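Note that the chains are named A, B, C, D, E, F, G, H, I, J, K and L in the order they appear, and that numbering of residues resets to 1 at the start of each chain.
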Amino acid sequence: MGRDMGPERGIKMASPTVLVLHGPNLNLLGQREPQVYGSTTLAEVDAALVARAGKLGCGLTSLQSNHEGELIDAIQGGSADGFLINPGGFGHTSVSLRDAFLAADRPMVEVHCSNTAAREEFRHRSLLTDIAVGLVMGFGADSYDLGLRALVKHLRAAH
Amino acid sequence: MGRDMGPERGIKMASPTVLVLHGPNLNLLGQREPQVYGSTTLAEVDAALVARAGKLGCGLTSLQSNHEGELIDAIQGGSADGFLINPGGFGHTSVSLRDAFLAADRPMVEVHCSNTAAREEFRHRSLLTDIAVGLVMGFGADSYDLGLRALVKHLRAAH
Amino acid sequence: MGRDMGPERGIKMASPTVLVLHGPNLNLLGQREPQVYGSTTLAEVDAALVARAGKLGCGLTSLQSNHEGELIDAIQGGSADGFLINPGGFGHTSVSLRDAFLAADRPMVEVHCSNTAAREEFRHRSLLTDIAVGLVMGFGADSYDLGLRALVKHLRAAH
Amino acid sequence: MGRDMGPERGIKMASPTVLVLHGPNLNLLGQREPQVYGSTTLAEVDAALVARAGKLGCGLTSLQSNHEGELIDAIQGGSADGFLINPGGFGHTSVSLRDAFLAADRPMVEVHCSNTAAREEFRHRSLLTDIAVGLVMGFGADSYDLGLRALVKHLRAAH
Amino acid sequence: MGRDMGPERGIKMASPTVLVLHGPNLNLLGQREPQVYGSTTLAEVDAALVARAGKLGCGLTSLQSNHEGELIDAIQGGSADGFLINPGGFGHTSVSLRDAFLAADRPMVEVHCSNTAAREEFRHRSLLTDIAVGLVMGFGADSYDLGLRALVKHLRAAH
Amino acid sequence: MGRDMGPERGIKMASPTVLVLHGPNLNLLGQREPQVYGSTTLAEVDAALVARAGKLGCGLTSLQSNHEGELIDAIQGGSADGFLINPGGFGHTSVSLRDAFLAADRPMVEVHCSNTAAREEFRHRSLLTDIAVGLVMGFGADSYDLGLRALVKHLRAAH
Amino acid sequence: MGRDMGPERGIKMASPTVLVLHGPNLNLLGQREPQVYGSTTLAEVDAALVARAGKLGCGLTSLQSNHEGELIDAIQGGSADGFLINPGGFGHTSVSLRDAFLAADRPMVEVHCSNTAAREEFRHRSLLTDIAVGLVMGFGADSYDLGLRALVKHLRAAH
Amino acid sequence: MGRDMGPERGIKMASPTVLVLHGPNLNLLGQREPQVYGSTTLAEVDAALVARAGKLGCGLTSLQSNHEGELIDAIQGGSADGFLINPGGFGHTSVSLRDAFLAADRPMVEVHCSNTAAREEFRHRSLLTDIAVGLVMGFGADSYDLGLRALVKHLRAAH
Amino acid sequence: MGRDMGPERGIKMASPTVLVLHGPNLNLLGQREPQVYGSTTLAEVDAALVARAGKLGCGLTSLQSNHEGELIDAIQGGSADGFLINPGGFGHTSVSLRDAFLAADRPMVEVHCSNTAAREEFRHRSLLTDIAVGLVMGFGADSYDLGLRALVKHLRAAH
Amino acid sequence: MGRDMGPERGIKMASPTVLVLHGPNLNLLGQREPQVYGSTTLAEVDAALVARAGKLGCGLTSLQSNHEGELIDAIQGGSADGFLINPGGFGHTSVSLRDAFLAADRPMVEVHCSNTAAREEFRHRSLLTDIAVGLVMGFGADSYDLGLRALVKHLRAAH
Amino acid sequence: MGRDMGPERGIKMASPTVLVLHGPNLNLLGQREPQVYGSTTLAEVDAALVARAGKLGCGLTSLQSNHEGELIDAIQGGSADGFLINPGGFGHTSVSLRDAFLAADRPMVEVHCSNTAAREEFRHRSLLTDIAVGLVMGFGADSYDLGLRALVKHLRAAH
Amino acid sequence: MGRDMGPERGIKMASPTVLVLHGPNLNLLGQREPQVYGSTTLAEVDAALVARAGKLGCGLTSLQSNHEGELIDAIQGGSADGFLINPGGFGHTSVSLRDAFLAADRPMVEVHCSNTAAREEFRHRSLLTDIAVGLVMGFGADSYDLGLRALVKHLRAAH
């Protein structure tokens, strides 16, 4: 399993809270290039995640931004127990986003709607994956749902 | 989404069958290096997958082998509608396994228990990911469960 | 010709509108390093572009920002038929800006005042050029003028 | 701006002469692969350049050759004040063509009909761009017209 | 099979004509370095190819040149239905020769007398192979004979 | 010509025997991805090779296996005078197959149905070509036929 | 010594002013990962720098931001005689920040609390160091103090 | 010393057992390419190792296989206290063999008859050496004898 | 902070001694290439360091040598509590110097008069930096002074 | 010493003849870029070489061409005992020129007026040097004179 | 087996003499970093080698130096029949040491106490291994003992 | 011409003095590996150089050393007007030797007896050539003679 940032060993979290972060251009999800990213909109994704969080018994808030600094601010400011992020283009270029997660020191799961391994060469490197708990990619909007399940299960497990 | 191999557009599969493939050394799952791969055994993984398949209403068989040729034989011979594979070390080295999936031309999902991006450099390249529907990695034995859900949902969706 | 994003084949645009984007540090154009970038100020560049747009019979608005996110917001929000961009340093580093143009799916022309091929090694790679209609560089402020002519002609041509 | 080869500072050229050079296979322009290079023929390109030169008040002659040596001979022998070149395949391989321009020590503008950044990897390197005044590419035959305007303006400017 | 340039699908050619091209230094075939290239002379190669063409019922002409431009001219000017080329040293360096074949848009087969994979590193890259129908190398002068058979069979096959 | 493994100089073989080896996934030849590999089946390939061997007056046996070890066993155990191999995916990855041929020290010809130079980057490297007599690739099932002719001619020639 | 941007030769600055810039995540200094960055907080760093500036007889203001654009704005807008920057993650990725310093054309000193040479490979490249007067790294919060001393001495020296 | 897999610190093994593994093509040892590998046969090697083991007071069994899977099976199934392996070609390509040793977590010594550093470039990388106790290579069949002495001494030492 | 070699945690050193090492050609400091290295001579540097050491209350001796072995001998033989080194050209090439510091296991600080990041490519790699406490470079002879302050502060801090 | 192509061992040449070849743009020697190539013209170089040849008692003819093919023709056609070549830009790009010398199999000496190691990166590789007897470069027109002396001495020595 | 430098074929050496060379920092063996190099001192190593030499019936002298030049002098001056060297850091950087062994033209065996393949990347390349008879590494001080046995056996064998 | 270090323009040296430096292992010249380095001894080389210097009217002293530091000391200490160096193995590895020449700032000519371009890959890079006046290599001991002539001519020329 990936680098484990977070709660002390032996501490289980009954009702963890999750901060969902959507990187640049994801506000257009479902509207553009559906052959690449699928046809579900970001609002639908967020609604589905809230519903899933309810079933899983955890809290969930989300933020989309085209501004790297806003995402970093949110990671620093959040009191969330864990992070679910679709970093979009920032995943390939932002050392600062990585540093924000390293500083936050709480579990993070990375998701992508598309299969980045089947796209341009410069999308094959992620600066986040090796510090994530794990990665889910290629299943369109379902990647978020699977990622959330995995993250909550991870948070609830004793470390 | 990843390369889509398989069923014609507009055809939904009510009860798809899935072939689960476990690559080399995965017979030792749960017994060795649990800090890397988790403590669930391969028998427990298979039992959980069968249970999940039952709930999802699909058929499932599985095979573990340390022999590349046996895995290729199974991919060629199977009548499964889709594949779930944890390729182990073969994912980094076997062009022939990739060719077998290309020939099979049916959806495949790749899973890893560990987060390969956080391990040795030579584990960062996979010869399977860009032809998979998607990838789930880093969640221990849960990677299989999440991958199966994603695969079955993909098979059931109209393409 | 480059990747053609945009209007349907056979549709000609009589009075297209163009959004001109100036990346980071270009607000200093003409004031600093004139031996590299020339001595025309950004205000003069914009005035000349508005004048040229008038002659060409098209609408034109422009934006300069040192913030990657603001440029992405503008690309997403704009109703422009085409984009003329001098990306400055972002051209070499921003996958997210590229993604914004891919999502916008309308013709874009890239311009540079300086000849980037004659500068530092890391300025030789652009993440935008291969998805642009074309590129004009090395002619100081004239690069903008030539780029605008080319863009408008492209927008007016039947595709 | 690019490397400035040429006329002394403070000397303006009223009626500069330009030598247009077309590299290998460009005699087929407009006849083959129009989806890559456009449908204008080389004769039409040359006619349009002569017309433009007339409007701009400069002299213009042109040469197409599939032989690297003939292009070098022309660069050496010419009395032109500046060069406009579409080097075709030679731009990626010919150190000798580069050396000829270095020896000629007069302004040169490079143009390409296609967007070479969107083509094969080996077309991304040009041995001419860093010694050119500037580059125009991706606009089909219009690349020549824009390049000629830029070159003549450059020749007329006081250096 | 390789990139298929050429005749329309469903059209069979009863008596195709073939242009055989020999690149630089191949006029010395059989006279120099026989341990590398074999002892058959170019005249003998051409005679054998004409004889084979007669048996196969196709037309054949050939050209040797040490000048890149002459080979490009011949490719452009020829009315041949297909090309058989031993590019010699040009195969490793000439983007322009590649462009000439791309423009010609007719089937081409590449042959080498020596096994270039067993020679210097810089001979391992060919700029022609990926646009050829196929490649035959390593069998001395027999490479030509095998290549001609393959080309004619390809031309006669319905595409 | 390539590395010459085999019979003593001056010894001609009247009736050489050939072992044909088909690597992984080639049992599916003609059934899958015919746009890449052609539509001839492996049984048809073998039948055609036996027929050709009869005309050429040589013996021929063949083996297909998805197991690297079985191919190595066959190379070691065979009494064949020469080898014709389509290594499939093993050609790009198997040092051990290479070692088996080096140990066998008898002429080997490598064939591929597809033009591997026009496919994925990792298919451009072969671990067998530099120790083969020669290579034929890109002509579909004809590659086998041409390769057999070349191998038998080579075996019959005085070395 | 590094690239010297700035005041004319022979001009000494009696009371120079310095702008201290802290890049992304440095607002968390002293709170997170103290084993990497030390336990001094940013407020303490700034207070110590103000105190040191007083002793050195120079003016000093500081700014921390997680937003690349804000840092660029500050560099452009500032009237400071020199810059002291800990660029955090931006040092490895931001061409635009580099361009802002090139445009500002005043001396800049780069500092890092950690020894970046002993961390991940992607932290070994800095886009700022070669245009800095000098670099101090690895001494925790003391890096700032040493950097300020060096900068002020440099500003006061005749150039 | 290399990565130490194995027995607890402070535990000495009086009569350790060793599993000797010979990779692909080593069944031909002494028969083929004696100038590279020496003239001792595998049977002679095994006999000498059994004799040496007797003198050293340890148990020893051996296995040769051309099948990667069989070697992995043996490593998993064995109850040996340590491994002595000449991996042949698998040492350069098999991540799975490496994984089997990592899972076995007992001391392993790697030997080669030839000096791989003096052979082809692709033989310079071993996927096993960095997890071995140590390496002996270049001494023909003596490499085995020296490796066994070193392994047994290592097993007997208190860790 | 960098790799911490040295004194036990919790032990403060009241009067540490420092060995200053100057690598090859530094005996010429101030005499040659002052535009690169500054105009202070080595004698002046040493005098200033002795003076500074007096103020800081620590002992200091120094050695310059053009002989790699003499520097290694000095590191081994010294009883200094810490090292200050300007390695000159040896920093880019000497694994043995690095090994000597690793063996010495006491804090070392690396300094350079010039900004090596702004010089030739081969000066960008240092074999010492990642095992140093920290690095100071680019400030001419002041780099030594800053480095000594940093080293002494580090030695005095409780570890 | 370099690869020795040429006269039989033990045969001394009393009056060898030398063919001097000047590559592209060398007809401009002395007229352009004298700071790089010196101020001696090609005519003066040839005159000096003829004079030197007279003193050395050997015959000498020379050829300058901007056409790669003409140089290859000359190498093939010449009856010279040895070659002195300044390949200009062709030295970095022409595999065919190399092949011509390999075929000629007579001693060749390479000269350059400039020191190519001190120029652009792409001038550092020569495709001729490793098959030359030796190389003289950096001494302006004197490089030719020294190269001729060396060549004639080599031709006269018994091999 | 590796490159064989040395005694004539068929000549057996009854009582060969061996020169043992210890590179830089090895005088500290057993005192520093015992977890890497083991706890045996250099004096103990030398004593054990002398004892072993006595049993093997050969002469042995040894030299340790931190000075590359002294080791080269020793190789040149020695009358030893073979060399046993632990080059320490010089093995990765010294072309001159390699040249000394090439000139000496007598068998050399390379040993390392640590397993260099498990250490820093720059320790993976040795400039000596490919010209050594063989290599022993990873067994602490035992590496010397095994290397001496192998060297003496090699010297005694008829070549 | 190469980087010109040295005497002021317009100053001619009537009787320059030259220091000849021979790097490691060159004391063995003529004794070992004559097929690579020729059969002239170092004493003979020096005697010939002294004789040539007499004819040329310049002073000459020489030094051979296997110690990098001694060569650096000599360069620093010498009052010679120019240097002639055969750096042996140090040319490929010694940044410090390069730095000594940069500091000496007097013309240097590099010579090699062998043609290093035809030897191992690591001998192709020289750290001295780009700062030399020029290079002569491949002519055995004659390389020295030619290099001395070129150096003296360069020293006597007005710069």
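Operating definition for what follows: a residue touches a chain if its C-beta (ideal position, glycine included) is under 8 Å from a C-beta of that chain, and two chains touch if they have at least 3 such contacts.
If you're wondering where the values come from, they're calculated on a predicted model, not measured in any experiment.
Colleague: Trace the shortest chain of touching neighbours from chain C to chain J and give its length in steps.
Modeller: 2
Colleague: Check the residue numbers that chain D and chain E use where they touch, and answer same if over half are used by both copies, otherwise different.
Modeller: Mostly different residues form this interface, as fewer than half of the numbers used are common to both chains.
Colleague: Can you work out the rotation angle that lays chain C over chain F using Cα coordinates, in steps of 5 degrees?
Modeller: Between chain C and chain F the superposing rotation measures out at 120 degrees.
Colleague: If you average the CA atoms of chain E and of chain H, how many Å lie between those two points?
Modeller: 50
Colleague: How many angstrom between the C-alpha centroids of chain H and chain C?
Modeller: That gives a centre separation of 63 Å.
Colleague: Distance-wise, how many Å sit between the C-alpha centres of chain B and chain F, to the nearest whole number?
Modeller: 33
Colleague: Could you work out how far the Cα centre of chain G sits from that of chain J, in whole Å?
Modeller: Chain centroid spacing, chain G to chain J, equals 55 Å.
Colleague: Considering chain L alone, which of its residues make contact with at least two other chains?
Modeller: 67-70, 93
Colleague: Considering every pair of chains, which are in touch?
Modeller: A-B, A-C, A-G, B-F, B-H, C-D, C-G, D-E, D-J, E-F, E-J, F-H, G-I, H-K, I-K, I-L, J-L, K-L
Colleague: Looking at the complex, which residues from chain K come into contact with chain I?
Modeller: 23-25, 27-28, 31-33, 65-70, 88-90, 92-93, 122-123
Colleague: If you look only at chain G, which of its residues touch chain C in the complex?
Modeller: 67-70, 72-73, 76, 93-100, 102-105, 127
Colleague: Which residues of chain D touch chain C once you look at their complex with the stated criterion?
Modeller: Going by the criterion above, the answer is residues 1-3, 36, 38, 109, 113-115, 117-118, 126, 129-140, 142-143, 146, 149-150, 153-154.
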